[in-house]
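This is the structure I have questions about; it appears just below.
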Amino acid sequence: MELEQISLTALACAKTYPDGTQGLKPTSLKVEPGEIMALLGPSGCGKTTLLRILAGLETADTGGQVFFGEQEVTARPIEQRRVGMVFQHYALFPHMSVERNIEYGLKVQGVNASARKKTVGELIDLVRLVGLEHKRPAELSGGQKQRVALARAVAAGPRVLLLDEPLTALDSKLKEALRDELAELLRRLGMTAVYVTHDQQEAMAIADRMAVMRAGEIIQVGDPEVLYRQPTHAFVANFLGRVNILRRDLSQTNDGVLVIGASTLHVPTHLGQELLVRPEDIVIGESQPNCMQGVILQRSFRGDHIQLRVRVGEQDPLILDVSRDVVYQQGDTVSVSFSPASFMCAKES
Amino acid sequence: MSSGSVAQRVLSACLMPVAIFFVAFWLLPITRLIALPAAKGWETYFAILTDSRYASSLINTLLLSLVVTAATLILGLAVGLYLAKPNVLGRRFLLSLLTLPLSFPGVVVGFFIILLGGRQGAVADLFESVGLGRVTFAYGLTGLFLAYLYFSLPRVIASYTAAAQGMDRSLEEAARSLGANRFQVLWDAWLPQLLPTTAACAAIVFATSMGAFGTAFTLASKFEVLPITIYNEFTNYANFPLAASLSLSLGLLTWLSLFLMGRWTGGRVAL
Amino acid sequence: MNTRSPILATLTVSVLLFMITPMVLSITAAFLQQYSRGLSGGLTLEWLGHVFSQYGSTVYASILIATSCVIGNALIGVPCAYALARARGRWARSFEEILTLPVAVPGLATGLALILTYGEWRDFRQSYAFILVGHMVFTLPFMVRTVSAAFQRAEIASIEEAARSLGAGFITRFLTVLVPVVLPSIVAGSLMVFTLSIGEFNLTWLLHTPLTRTLPVGLADSYASMRIEIGSAYTLMFFIVVLPLLWLLNVVAHLVQKRYGT
């Protein structure tokens, strides 16, 4: 089963609804051949709209263009674009067996029965649904349905794969198990894929690159590690994990320092007046006279780690994660330190 | 052509058959019907109000429909409440028996009333055996009323039973905990919850009674209702324009009554 | 819920008696030699036989018309329901409202209107097709509304998008995916249409001719001119034919719902 690898490009695609609301501002995005790109953001951010424009289920406002490789497909409806799409609630054909569902696209193309059987057989092996060929969707579990949906989307040899929150309909334990399986499957298929989700863990596990979106536009694009460690916007920092905000006044900023209590840290001016620090980048230890001091306000056990709320100076309480062996209790005074590279800036709140 | 939604021409092609059929066999004919009374002069449209024969026929129909609606609602409510209890013996069987007449044409109901109260009727036999003489009620207002009741009850009973089963018990329990007696519970806790069902049933029963023809036709009733008047004008007097005018008035008045009823209960009543 | 009230029980029993007695009387009367003499006059199957030979054709006509009504309404109504479900804009809602008008308007008016417009076309006017058309016009909204509601459901819309993504053009996905998926509602609509058509009288009485009589029309004729025994036998024939048929259709609807329901 040959699967092409082509690039997928959206150019200045916007979407305005009949009642005037703008679901998507003019957005451009390029997905490289064979890459898995996640569109990540809260509900209403336009990620599904963008996906549907790429698919051909929605038309972008005039001026928007969509390219599959070098070919412009803007005017083509979805039936003619050769995309594979996996829907949030799977949208399996309830009156057809697993086999018939998977071969549907091939049948539409007019592929003969033996060729169809061969492809379907390969896919059933690939997604591990052996033995379930003749079952109806109603008899399948959520995870099985999702695999049928994926197999069906891929069977017809699409040029790109588009997934609309495929794991959202599952409960969280199942989600975690399937997430890795899905990631592995997608990697094996090696197709260009766009994956929409609001769950950042999912996005980070599955995607090669992520585009974080909010209120109809893409805020930042990059690979997960870069986005997590060097977010260019407070929103991105906040969305991909937890952040603490440290504030300094104008004079401190101009001097390139951060003053907390009796301690002074060197923090470059360009990082601005609001500094973001991840909980895992804060280190606590035995209270030392020359170090920054903090008081533990609250200690809560979280299973695989402990979460502390610590007050330093006049800042808002910091949230930090420590290992379970840490013995400090509520009310203890501890030393607090930040590694210099851990500060991220907030360009926009 | 928009690439997103289903193509306009596909949608138009899907609608064409129904559109053509409907225009040809209803819209066009009805428009001609509306225009017909004008052939005899504009005053024909108001014949229902100007001529005392038609006016009295209209009043008859209105009054009958109103009384039937009221009676059906009360009886239907009683039976619906009773059958909503889970521990009534053979409840489902009783319910299916009572809703069986839903599929009977009005003429069959008329025949039933004749069987009950006609010259050879069961009631006549009954009364005669008790020495009260042969009492026949089928051919007058009583017979008509009972017939209309017969074909209206099944729908109302079905609706009220379903609604009563779905009622929120907590309102009733709250009322009783505050000391309400049975009638107060009925009035304050149950009826307000059953208002939507009541409104819908009232609308259906009223509209059906206003337009009912077969039943009155079979009973050849002395009490003339408007559908019979319309039919007579058309068949016996070949007075097509007048029949048209009367049937348009009937339709309009039914619609108007439903509209007012809907306003009075504070919501639109869907037919 | 405390409804152990004796008043309610009494009312229910009275209503029950009121509804059942005529049915029982009518069934019994069909077998009585002579109604006025009651059971003492003896039982017979003569009346049933008479009715069967004289009026059997009306049963056949009614079933034929009701079935054609269902098929016709399904053929034109299902695509229409689809279009109304997918159309954007208020005109679609207005179209649906207008389609419902024949239900609100008295059957007499529709009948008069049809006679006025097509009375001159003798071949049409005197055929069963004339009655069929009247039935279709007033049962169409039931089919369209029921099926349209199904097409509008989010799962169905999603399934259609899936079929589109796999390359299926309109006709392909309509036949292979859309219709099978809404089959339960098509069957439910068909059941409504069939029931309404079989019992329809108001409209049919105006449209009929002595050679095109349906079951209800035949019944009315017999009540007007015949003995009670014949009327009862005819009514019994109505029960025997129609009620099991309706029950059977209900069972089919139930089965389809179970097999094809999403």
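Odds and ends about this structure:
Every chain is named by a letter (A, B and C) in the order it is written, and numbering of its residues begins at 1.
Quick note on the criterion: a residue touches a chain if its C-beta (ideal position, glycine included) is under 8 Å from a C-beta of that chain, and two chains touch if they have at least 3 such contacts.
Just so you know, these numbers come straight off a predicted model, no measurement behind them.
Measuring from the average of all protein CA coordinates, the nearest chain centre is that of C. Using the average of C-alpha coordinates as each chain's centre, A ends up farthest from chain C. Our note on geometry: chain B versus chain C, Cα centroid distance of 17 Å, whole angstroms.
Taking each chain's centre as the average of its CA atoms, chain A and chain C sit 55 Å apart.
Between the Cα centres of chain A and chain B there is a gap of 59 Å.
Within chain A, contacts with two or more other chains are made by residues 57, 77-78.
The set of chain B residues touching two or more other chains comprises 5, 7. Contacts with at least two other chains are made by residues 88 of chain C. Residue ranges on chain C touching chain B, taken from their complex, read 1-3, 5, 7-9, 11-12, 15-16, 18-23, 25-26, 29, 35-36, 38, 75-77, 79-80, 82-84, 86-88, 95, 98-110, 112-114, 116-118, 133-134, 136-137, 140, 144, 170, 195, 198-202, 205-206, 216, 219-220, 223-224, 228, 231-232, 235, 238, 242-243, 246. Those residues of chain C that touch chain A in the shared complex are 88, 155, 158-159, 161-169, 172, 176-177, 180-181, 183, 260-262. Note for the complex: chain A touches chain C at residues 18, 55, 57, 77-80, 82-85, 87-89, 91-95, 104-105, 108-109, 138, 152-153, 156.
Of all the residues in chain B, the ones that touch chain C in their complex are 5-7, 10-15, 17-18, 21-22, 25-30, 32-33, 36, 75, 78-79, 81-85, 94, 97-98, 100-101, 103-108, 110-116, 118, 120, 122, 125, 146, 149-150, 153-154, 157, 164, 167, 169, 172, 182, 207, 210-214, 217-218, 220, 227, 230-231, 234, 240, 243-244, 247-248, 250-251, 254-255, 271.
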